[in-house]
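Multiple structures are listed underneath, in structure tokens.
In the two complexes below, subunit A is the common chain; its partner is subunit B in one and subunit C in the other.
Right after this comes the complex of A and B.
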């Protein structure tokens, strides 16, 4: 992950066109991830797959919030859209790959009206509207139980490991690969977007809407575009969720999921793709660590079940107070401090 | 027709609860420009405090007052200890701190009091008034709820409008630098604003607890409705919060009664989107200078 942090910084050591750099980054990471999954146990492979779909959602959200300045508390709902799309299409006999691609497209399509509305709203009003979206949309599953399965949701069979891979590749490893492949697609697309003219226009709009408008940029259109891109990434993440966990239900996409996504983005480091990777690691590993910590202490049932969340909350508060610019920002400051110290001798 | 009246009355009663939560959020927003997602968890803690005291002393009034006092202290401590360091940082940092506090307080309540819901006594009878032989969906306790919230709103309005302390609170919220120059202790005003807000939330918690029961997560839906109501009204405007809460309470009650409860969250979204698309800063926006 630290190699990602080093390479993903714009103007880093690797020169050349953005396309070449991003291809190199993605291929390099793919090789590393294939090697890594071989060494992991099946539980860790599942965690890697989870981290991968979280990364896809977080990377899209960090581009939205960090680059366009628009906030969303509703990206969990786009994940739900993606997951339900995969469920319905695979149920119709589609293969997994086109179904996941369709999940990203359907979410993007729903992101268009939401994004147009979002481009008109500011700060807490946008937060309120997207929050209502996060709560309202998954509730639709209860309204159409015959199509969407009601509160129980929908399930599909786990994806079959292709026969040419032989018996060496387990189901968990295959799912980890699916998740990572999706995450890398998101990384590739977003990396190129961020380092393109569109990314520059977005940053200009974020920093000063009026100046950007005077330069001829269509502010509302830029912001809508950012929203659609991030919605599409969240839909992709939801599709990967469906591919990894093979289920979609309203309870799987509660408001807390949307709030966790926001948390991951800010704690990782806002506006940075490497920060999204840190955020995904936090979202997957921190609950698992606090859980095993609570289990290692012998406590009553009330304490055992709740202690992980208490620690999780405290860690969030502590991280925000200690590192206001997130993990990636904190690491950056640390690196600068170290190199300054070295230069002074 | 009876159904319509029933739904209207229950909408007024739930609207009053949303109003109290919305007022708490508006007070904090005005003072420190923070949306306090921990509000639901803070009022849950104070309601547990009230519940403990009602059980041990047998007096509803003592429990009620203890919850209010708990809210005042909790709000002030949270502002001073957790929010002060992030007040001048990027605004999302404060949001994440309130989310962390929410997670922590809910877990803490689970550790101390357990996750099993427990009943909470109502101040008055919850059996509906007898009108012409049928019980309507509005009980003496609902009258109590509405009266307390109206009194709260009038009290807060008078505090802000007619007292020196209220003037200082408004000055600190309106322009903290100028207020500081004129001798207002802005930091203390922020602490006081959070305390007042948490007290308002504590009232909402005690009022709604009899109908939702008391558990670490039982106030989450009310926080969401309160937030939607506050946004509807315009986060800067306490009267707006009251109107927004009344509108939301009535609409959600009608939708739930006529169309089915599963549509209620969607209805909140639809109302909010319609209002915000027409008026992007709520029903009662505070007029801003035209930006050039």
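Right after this comes the complex of A and C.
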């Protein structure tokens, strides 16, 4: 978080109000989330925790794509970096909180060379390079089996619920809080970044690189920065993943994870932090819904196993046809339509 | 404006989560989840999709078929057995997710035959700390075999090291001191098997041991290396798809060693089908596997005179006819049979602790479709204690009728098992 806040360049009165607004937002959401977790069952608390780490990854990715115009098909690999960092550090006796913070920092550090490469590549070449990163990185676990646990991966014990919370807070609720706290940190940092001078410079670069360069902006540096920030968010997400699911293994970070992160960003609403929340909800809930739907149809096992993917695909296609700008964009349009109608009477 | 959107979106997301899937099943019995007067609910995680699905996706439906048969015969103490099958695609993230869902939301009594080492190792901690019976894991990893630290978890397959030892002894006795090459999956399965093999064979005899990563699409480097080492015997600790790939690769390299394949990857029907698919029909079924040495702990599917095979075939035809009758289906039914034995032994007043105690105390004495006894005591949770050697002939495994048992400790003796396999009960359902 501190690394994110630091990039928000001092900008006078605007900065102050953004900071206050984002603080209010985060505190408000924290209160809502604490109340909500109380009302949820254990499994829904786990789902909320999963949604929270997806949010951190999606928010970082949506800022990268929406603000810098760069794409990444490799963010699942940054999540893997984060998760393995937490596994190794907790294995060394670190506490969970500093380990998760370290996950964000390590991912950011790895994001620097990838980001420098990304700032020089465009379109399909960038997609290909980041894709290779997503495919190649998890294979490192097989290369160093004694350190990274090979194909079987690593596990840690679930985080203990602090004793001052007493017996009222279950493990799942505690994990949901950890996840949500991490997500809110990402939200706070990114909100301030987007509304800072850096955010404006990034938008200028995205819209016209030559014009931005003529205004004195270092285009490559801006784009690398955006990549590092979003890699750091993905690393944070991976760290939260490790805190919630207590595992890291190559099979847990397949190529499809990177692709579904991109899906979540687009379906939720590209470039919007609220869209990232929608995307996270879709990534967690849609598979579980399609599974229940497929099960309720009492088909053969093969059909039952594959049907959820078909339904998932159809829902995504339907959403994109109906709301090309994602759920958040669609809701915005809907609200505007309603308010116009009301005004006209 | 933006802020209200964020708020609205997050609140809506939270509301969605709160609203979804509150349909918990089971209940009824006040203190034991998943048990009512008329039903017992188990859950399982299986690779119905993804890289491990071919073959393995047949296992849980076959178990379900056996439960359907038991339920049609009155169930266990009047309770019908339900099995909730969840797809995890062999991805540990999904495994953790669906197992939590099964335990916390579906309120299952226990987890049954959860499949895979990299997947199931990630839920053993949760299941044991939540005191949820974790019965008959579908993997031969030695890691299930620890009754003192993981009292809820029971393996079922012969431990991979036990199998490797018996394969090694067979090579020593029947193939002399020929050079041996090994291709093994680089995880607990392959490493455990290789460890067992090394326990029996002198290190100098194993001239090449080549690991591969699950998920790779070629074994050409491994097969080439083994061929170059001059090995006359090729031992494979491979899952069916890689048995097929290794066989085709050896064929194209004109390399024909004596094949020795672990039971995990030797089901001729599954491998034969994969062979013809991968070779686009050029390799016809099981002909390429003729003469391969393998082992088994259940009667061979091809042995139609065996009464257990007759029973399972009858149930398969009635309840699971769309699947081929192969080793995976037999596996699912035999494993389900063991679960019914455990439920019978746990008695009418079924509790989670009760079924664990029943397996700890009586499991070592149960007989059934297995050719060897189980290694179940309070501390040993390892599953079948050995295997029987056999050869693939005419597309079926022909076992040699001499079951062997041992334990996974290095240097411990391999002894013949002299007990005979009983015929199945007339009803096909184990009695209490």
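Everything below uses one rule, namely that the second predicted complex is superposed on the first by the 329 of 345 C-alpha atoms of A that agree within 3 Å, B and C clash if a C-alpha of one lies under 4 Å from a C-alpha of the other, contacts with A are read in each partner's own complex, and residues count from 1 in each chain.
Quick note on the criterion: a contact is a pair of C-beta atoms (placed from the backbone, for glycine too) under 8 Å apart; a residue touches a chain by one contact, two chains touch by 3 or more.
From a predicted model like this one, the values you see are computed outputs, not experimental measurements.
For the composite obtained by overlaying on subunit A, subunit B and subunit C cannot both be accommodated without a clash. Contacts of A:223 after superposition on the shared chain: neither subunit B nor subunit C is touched. Residue contacts after overlaying the shared chain place A:107 against neither subunit B nor subunit C.
By the document's definition of touching, of the two partners only subunit B reaches A:122; subunit C does not. When the shared chain is aligned, no partner comes close enough to touch A:62: not subunit B, not subunit C. Applying the stated contact rule after C-alpha superposition, one finds that A:313 touches subunit B and leaves subunit C untouched.
When the shared chain is aligned, subunit B comes close enough to touch A:270, but subunit C does not. When subunit B and subunit C are set side by side, the one touching more residues of subunit A is C. Touch criterion met: A:142 reaches subunit B and subunit C at once. Contacts of A:305 after superposition on the shared chain: both subunit B and subunit C are touched. Legend: residue contacts after superposition of the two complexes on their common chain; A:132 is shown touching subunit B, with no touch to subunit C. Superposing on chain A, the segment of subunit C with clashing C-alpha atoms against subunit B, chosen from 19-27, 73-81, 199-207 or 271-279, turns out to be 271-279. Under the contact criterion defined above, the residues of subunit A that touch both subunit B in one complex and subunit C in the other are 139, 142, 302, 305-306, 308-309. Of all the residues in subunit A, the ones that touch subunit C in their complex are 21, 25, 28-29, 32-33, 36, 39-44, 46-48, 50-51, 139, 142, 145, 150-153, 155, 157-158, 172, 187, 241, 245-247, 249, 251-252, 254, 257, 272-275, 277-278, 280-281, 284-285, 288-289, 291-292, 300-302, 304-306, 308-309, 328, 331-332. Subunit B makes touch with subunit A in their complex at residues 29, 35, 37, 82, 85-86, 89-93, 95-97, 99-108, 110-112, 114-115, 216, 220, 224, 227-228, 230-231, 235, 260, 262-270, 272-273, 276-277, 280-282, 291-292. Residues of subunit A touching subunit B in their complex: 65, 71, 117, 120-125, 127-129, 131-133, 135-137, 139-140, 142-143, 210, 255, 259, 262-263, 266-267, 270, 302-303, 305-310, 312-317, 320-321, 324-325. Listed in rising order, the residues of subunit C touching subunit A in the complex are 2-3, 5-14, 16-18, 20-22, 48-49, 53, 57-58, 60-61, 85-87, 90-93, 96-97, 100-101, 104-105, 117-119, 121-122, 125-126, 129, 186-188, 213-214, 322.
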